[in-house]
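Order as written gives the chain letters A, B, C and D; numbering starts at 1 within each chain.
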Amino acid sequence: MNSSIVSLSEMAKQIKNGHKVVLFKDCSVPMELGRTLIKQGTKDLHLVTVPTGSMLPDMLIGAGCVATVETSGVSLGEFGLAPQFGSAVKSGRIKILDATCPAIYAGLQAAEKGLPFIPLRGLIGSDVLKNREDFRVIDNPFMENDPIVVLPAIAPDVAIFHAGMADVYGNVYIARQAELKIISHAATKTLVTVEEIVDFNILEQPELAPAALSAMYVDGIALVPNGAWPLNLPGYYDYDRSSIKAYAVAAENDSSFKTWLETQNSSSKVNSH
Amino acid sequence: MNSSIVSLSEMAKQIKNGHKVVLFKDCSVPMELGRTLIKQGTKDLHLVTVPTGSMLPDMLIGAGCVATVETSGVSLGEFGLAPQFGSAVKSGRIKILDATCPAIYAGLQAAEKGLPFIPLRGLIGSDVLKNREDFRVIDNPFMENDPIVVLPAIAPDVAIFHAGMADVYGNVYIARQAELKIISHAATKTLVTVEEIVDFNILEQPELAPAALSAMYVDGIALVPNGAWPLNLPGYYDYDRSSIKAYAVAAENDSSFKTWLETQNSSSKVNSH
Amino acid sequence: MNHSIEELLIATIAEFLYGLKHIAVGVLSPIPGSAALLAKVRSEEVKKVSIIGSTQEPYRLDGGVDLFDCAGQGRVDAFFLSGGQIDGQANVNLTGIGAYPKQETRWSGAFGSAYLYFLVPRVILFREEHSRRVFVPKVDFISAPGVSAPNIYRPGGPYALVTPLCQFLFDRNKKQFFLKSIHQGHTLEEVHDNTGFDFEVPETIPITAAPTKKTLKLIREKVAPVIADPYPDFAKKCWPNH
Amino acid sequence: MNHSIEELLIATIAEFLYGLKHIAVGVLSPIPGSAALLAKVRSEEVKKVSIIGSTQEPYRLDGGVDLFDCAGQGRVDAFFLSGGQIDGQANVNLTGIGAYPKQETRWSGAFGSAYLYFLVPRVILFREEHSRRVFVPKVDFISAPGVSAPNIYRPGGPYALVTPLCQFLFDRNKKQFFLKSIHQGHTLEEVHDNTGFDFEVPETIPITAAPTKKTLKLIREKVAPVIADPYPDFAKKCWPNH
């Protein structure tokens, strides 16, 4: 048994005002943890979206939890632009650090490897580069007249995600979301909500072990069934399209967003829908 | 069905004199392909051992197939030093490019990402660095007075390894040897010998897919049961300790090594032991 | 045989893709996705079509890093980009309108464009709206530049631009679009009226070839059922009887 | 309670490991491996012992890159190195004897030493042969340096050196070994006779503490059965009755 199993509210308390929090975009989005952060009134987060973000960052921004967004793009996909993100950028309420997808991955991989920086092709001549004071252009040390961008490591305070299965030993099964290893290695702490906690050791199952995140990298696990709702979790549940659509509509203006938020706060949908 | 399924001898012919060939050390060693290379008289290989090597590079060096070894160490482990490697280094018959384990990984990961170079901590002050003209020390662009080593990408012509299972679509199951993805991504071509070829698509099995190397990276698959003998393959067979020991003894001097080699060449042990 | 505008666009884009080994398609791209699938069913050389974000074999990739690494290795031959604004130097703006950072209109962001536009040899620009709002003299924000100085490592870049009115090729030396053909029923005047940047025009302007009967059959029978998985609404709209 | 020299070395090394979260052990290291396991059974703070190359849970790592990345993240607290030669500045030679590259004797190579020696806070040097052949005034080849200039990023480095005769601590400021204790039955003269480099000697030299009854019980009952998996011959030799 592992002492890393905690309640959702205990987990949320480990995320402090001002923390740099890294979020993976794909089907591993800890929506219920996000709602809990809003309820507890977390402020001034620096979100890193890997590499892009959708409803979770938009909702956190709208609720006033966020000071900075480091991202390659925030959008609700087929449900349109991310309205709260858009209005926060426009008003200057949040600081935006625009990147490009592989730059986010590369920065996290640098932190994973303990490198202070990592090079990346592309970017030169873009306004993305022009507006990132923390990106540099150096000469390739191995070739004359070959400028190349170098990116600083991205070392978040906390990685958070939702997964299907953890075990009582603190290991988490991440299925095909291999990038969850990168973000967990890069972050100081990793907090995971899961659909189920099993008694057997995931690492001792030869077919599961290759897609397991070792307990060494996991600082907290909370049992939160439907914790990605209304987003999806492959093998467990699909998108709840009408709820996402309702969000997309509500988020279009601040007063309907506020109303939507109050509905969320007054009753968690997670264990009842 | 995939056209990448070939015979062992057709596969061996794709490895040309002078090729840079990358070998993974762990329980994925394509010993029978190595013996086939010796039989076909391949010359002047540049071996990259990931990150170290054992019997296969020693045997290839002894048989005269190798011009250069790029390695963090060659040894027969509990069976002692690698005798043919040692004598070839001493005589100057091969060029040695000494590295340290994470430098080999980092160089391959640079190639995997299409980066011309990658930084690495450590190494400064070592004679490993002093003797690698292709490693450089630069100033960390993000911090004053912080010298750091940069390594050129390692981009092999061919990656070769042995695995348990491939499918008829050209995908290979690599189990927990995640580094096999790195070497295959870094190499121009990847050639794989396997214990079995299955009819179902490995990528369509949710539990197998995370540990599968996609056919996109696989240029040839040959069915070679016991292809890692006398080394091991987890889930299939253990080390054949007496055969390795016999090799370690035979390799101690050139004449007994030659005798051993002739025995190997006269009859393949692979399908009969 | 009658065809829809979508079928014309699919067939037109596919012409740029035959013989390429690996074609990658971004999210929310049913027409480029269909074109890539058409290229695959028509061309044996096309070994892989990757649809970013797909969870279906054989279209998925091995996670998010895989696409970018694969492009870095030179293993992605074609990709598609769009833009809220695109200008005559093929600069693409996916970020927003107005003075950065507090833009009047903020779109999503650069996504992979600032990297893939440099690395993928054939980047096909595609936009379903052909207007002066989209095709501007100069983009407000360069999410990814169309051209680079000669010393910049850039094996990739813009190759063509396809719209509902016409198709352009991009000349990387002249740093300019070149009108390749106008679709049936449209005129050069219409193209000029709706394009905010200058482009080269050939002496005689071909009409875009209509998809052949065989091509249409392949689109309807082989492509439509596959693209219906990621894009059910698109497939229902285009091929209501299939 | 009687104890073997191996048990003394295991207990002595374990003293450096209590309270550390993650201890990693290289290949062919039964005594350091046993010491790490002893530290784990005695100390709740020790969360993970990684044995490089082990295919057994919970001792395996997630592949070969994992150890080095983990050390780069600052998540490996202790590691062990040995050397064909070790000198008084804690330089380690795993590469060979004679003029490089055509060395008279070529060993295997630097392995991870040229990296881990910089990154892991407590690197314990261990060698079962205490002789002037091993402990030289200056190594022929620096596979990994013991000390670095102050501007070199180096959170890690040599911490102690344990041999069958004695144990040293390494003083990173003075760049010198300091004799911590001599094992029962050995003398300072013997240590000097067999050590080719200078080291500091305290005024009174303690005798290395013998393992307590409780420690021996833990070694024999908890450590021996586990270390027997990767090292059956070692376990059989040390604990023939277990």
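The criterion applied here is as follows: a contact is a pair of C-beta atoms (placed from the backbone, for glycine too) under 8 Å apart; a residue touches a chain by one contact, two chains touch by 3 or more.
These numbers were taken from a predicted model, which means no experiment stands behind them.
Shared contact partners of subunit A and subunit C, listed by label, are B. Distances between chain centres, each the mean of the C-alpha atoms, put C farthest from subunit B. Here B-C and B-D are compared, and the pair linked by more C-beta contacts is B-D.
Rounded to a whole number, the gap between the C-alpha centres of subunit A and subunit B is 37 angstrom.
Centroid to centroid, with C-alpha atoms defining each point, subunit A and subunit D lie 40 Å apart. If you average the Cα atoms of subunit B and of subunit D, the two centres end up 29 Å apart.
For subunit B, the set of residues touching two or more other chains reads 113-115, 120-121, 146, 148, 176, 178, 209. The set of subunit C residues touching two or more other chains comprises 62, 68, 72, 119.
In terms of inter-chain touching, the protein chains here follow a pattern that is not a line, ring, star or complete graph.
Here the chains touching each other pair up as A-B, A-C, A-D, B-C, B-D.
Residues 25-27, 50-52, 71-75, 77-78, 81-82, 85-86, 89-92, 95-96, 98-103, 105, 109, 120-129, 131, 145-148, 176-179, 182, 234 of subunit B are the ones touching subunit D in the complex.
Looking at the complex, you find that subunit D touches subunit A at residues 22, 47-48, 57-58, 60, 62, 68-75, 119.
Looking at the complex, you find that subunit D touches subunit B at residues 27-28, 53, 55, 62-65, 68, 72, 94-96, 100-119, 141-145, 148-149, 151-153. By the touch rule above, subunit B contacts subunit A in their complex via residues 106, 113-121, 136, 138, 140-143, 146, 148, 150, 152, 175-176, 178, 206-211, 235. Residue ranges on subunit A touching subunit D, taken from their complex, read 111-115, 169, 181, 185-186, 201, 203-204, 209, 212, 214-216.
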